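Chain lettering (A, B, C and D) follows the sequence in which the chains are written, and residue indices restart at 1 in each chain.
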Amino acid sequence: MNHAVSNEEVLKRVRGILSRQPFSALLKTEATQALADGTCEFRISIDNNLMQHMNMVHGGVLGYAADTGLTFAAGIVYAAPVITSEFKINFLRPVVGQALIARGSVVYKGRSQAVTRCDLFVEKDGEEKLCATAQGTIVLLPESGGAGA
Amino acid sequence: MNHAVSNEEVLKRVRGILSRQPFSALLKTEATQALADGTCEFRISIDNNLMQHMNMVHGGVLGYAADTGLTFAAGIVYAAPVITSEFKINFLRPVVGQALIARGSVVYKGRSQAVTRCDLFVEKDGEEKLCATAQGTIVLLPESGGAGA
Amino acid sequence: MNHAVSNEEVLKRVRGILSRQPFSALLKTEATQALADGTCEFRISIDNNLMQHMNMVHGGVLGYAADTGLTFAAGIVYAAPVITSEFKINFLRPVVGQALIARGSVVYKGRSQAVTRCDLFVEKDGEEKLCATAQGTIVLLPESGGAGA
Amino acid sequence: MNHAVSNEEVLKRVRGILSRQPFSALLKTEATQALADGTCEFRISIDNNLMQHMNMVHGGVLGYAADTGLTFAAGIVYAAPVITSEFKINFLRPVVGQALIARGSVVYKGRSQAVTRCDLFVEKDGEEKLCATAQGTIVLLPESGGAGA
């Protein structure tokens, strides 16, 4: 993947990886945007399976969504296999609504690791609200020959 | 809940809450230990549903397991409804094996918020290895009248 | 402090607090901007006192600068005493140059706590480069009667 | 450095590095313990220079102390130059007392990066209290030839 790769191609690759992740299939995650600069967006429809005991989306779902946005943002710009080293997430408000949207982006791309950010939004009755924000470190896998994310 | 509450009673309460979390049911999480001091243990059998595309357990599952250990540790010592404010997780090694074990404990219990820790272990062929470690802040819900976790 | 407070007044208050912090005086920190929405900027001239043993600015100085940007961002929007609950910082590149600049902003302002962000830049030969980024939780002090930051 | 290195030798090396850090000299940091397994302890006498405006030790001092414990813990076990990639710190209580003590240790040592922990204690009237806890990632410098931390 290089700068000549179209955004359509990037999104196709992201969807290809996502479709090979059983856990992402279990959570019915869709990739809705992916740009060559690492900007990416994922959408998870909220259904009862994702809830905790107080009728809010479980924090673990938010952690998953954040991890997805953080990791793909780096995977896109490296265009090579990456692995998440660590991340931190702040939960801002209870998540109640129809969909969870994760928007990832790259803050810094180094030689072998990137720092990325992911904001999570809950969509309720047509309105979006920021509900969590995460920051993490994603590492390029050393054995990577650069052969695609 | 007070210091006279038996560990059996604490475990029963933790299991009661867990059973009302559809997302924990989806991931087939079991509570295997819970002590009045906040020490708690959860076990997730690893099956294909929890994988990412490189045949390792998805980081989102580890995030969920960490969140569970961090939050219950505080919920137990407050014996009242709590909510996770934030956490940070470091991934230490790829997770391949038969089960994921999350062990939570309380580092500091303040008047209205606690700092807790959760270590994650992967069980493979009868051996346990540390695979991730997390630290977070759990807040006592202000509307809580103290009536049970 | 309310929305009618001018940015000049906000900056004056920030400088007043900073001048009463002996540690900020020791590091010769200057407040160079402060807006009513929590956006703020601090500048630290880099001198030999701030170095570690490899001739780069010590990570502890970056931690201090991040803490300052994160905390003042919240202190400004609450216009009341606050305290930092936690933060996380990613170091992006070695810090070598003439000045360190910390830019704080508010991501989310809740009833009793805010999540803020702070980007750190190193100024070298007239050029600025992002060198660290931080995210944290700042708590409104409960005893606060709202009587000024 | 290998397992045959005595703890006295480790402490001597730690003190050697610390003495070449002007910022550590400015804060009058002393290394009081360093073991070959990465366990280490640093002590900072609290004086007025380290305060913020509410007569507590500035959070930036705690960030510095945490960074020191986290980084040296890894530097000791690698016995080679390292750099801090990121850390997270939770502040547990206001720091008022005679000395700040930072205790670092290694959670996980990988091929090229370690995860370490640092607990901070305040010593007041002969009693120690946990006042902050930190977790971070420390990276072995690639250019390192292994020639001593």
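To be clear about the criterion, contacts are C-beta pairs under 8 Å (C-beta built on N, C-alpha and C of every residue); 3 or more make two chains touch, one makes a residue touch a chain.
These numbers come from a predicted model, not from an experiment.
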Counting residue numbers used by both copies over all numbers at the interface, does the subunit B-subunit C contact come out same (over half shared) or different (under half)?
same
Chain whose average C-alpha position is farthest from subunit A's own
D
Find the geometric centre of each of subunit A and subunit B from their Cα atoms only, then give the gap between the two centres in Å, rounded to an integer.
23
Quick one: report the Å distance separating subunit A from subunit D, using the average Cα coordinate of each chain.
34
Roughly how far is subunit B from subunit D, centre to centre by C-alpha average, rounded to an integer in Å?
29
Hey, what residues on subunit B touch two or more of the other chains?
85-86, 88, 90, 115, 137
Hey, which residues of subunit A end up touching subunit C in the complex?
88, 90, 92-93, 107-108, 110, 115, 130, 133, 135, 137
Taking the touch rule as given, give the residues of subunit D at its contact with subunit C in the complex, in rising order.
17, 20-24, 26-27, 48-54, 58-61, 63-68, 71, 81, 83-91, 94
In the complex formed with subunit A, which residues of subunit D make contact?
85-86, 88, 113, 137
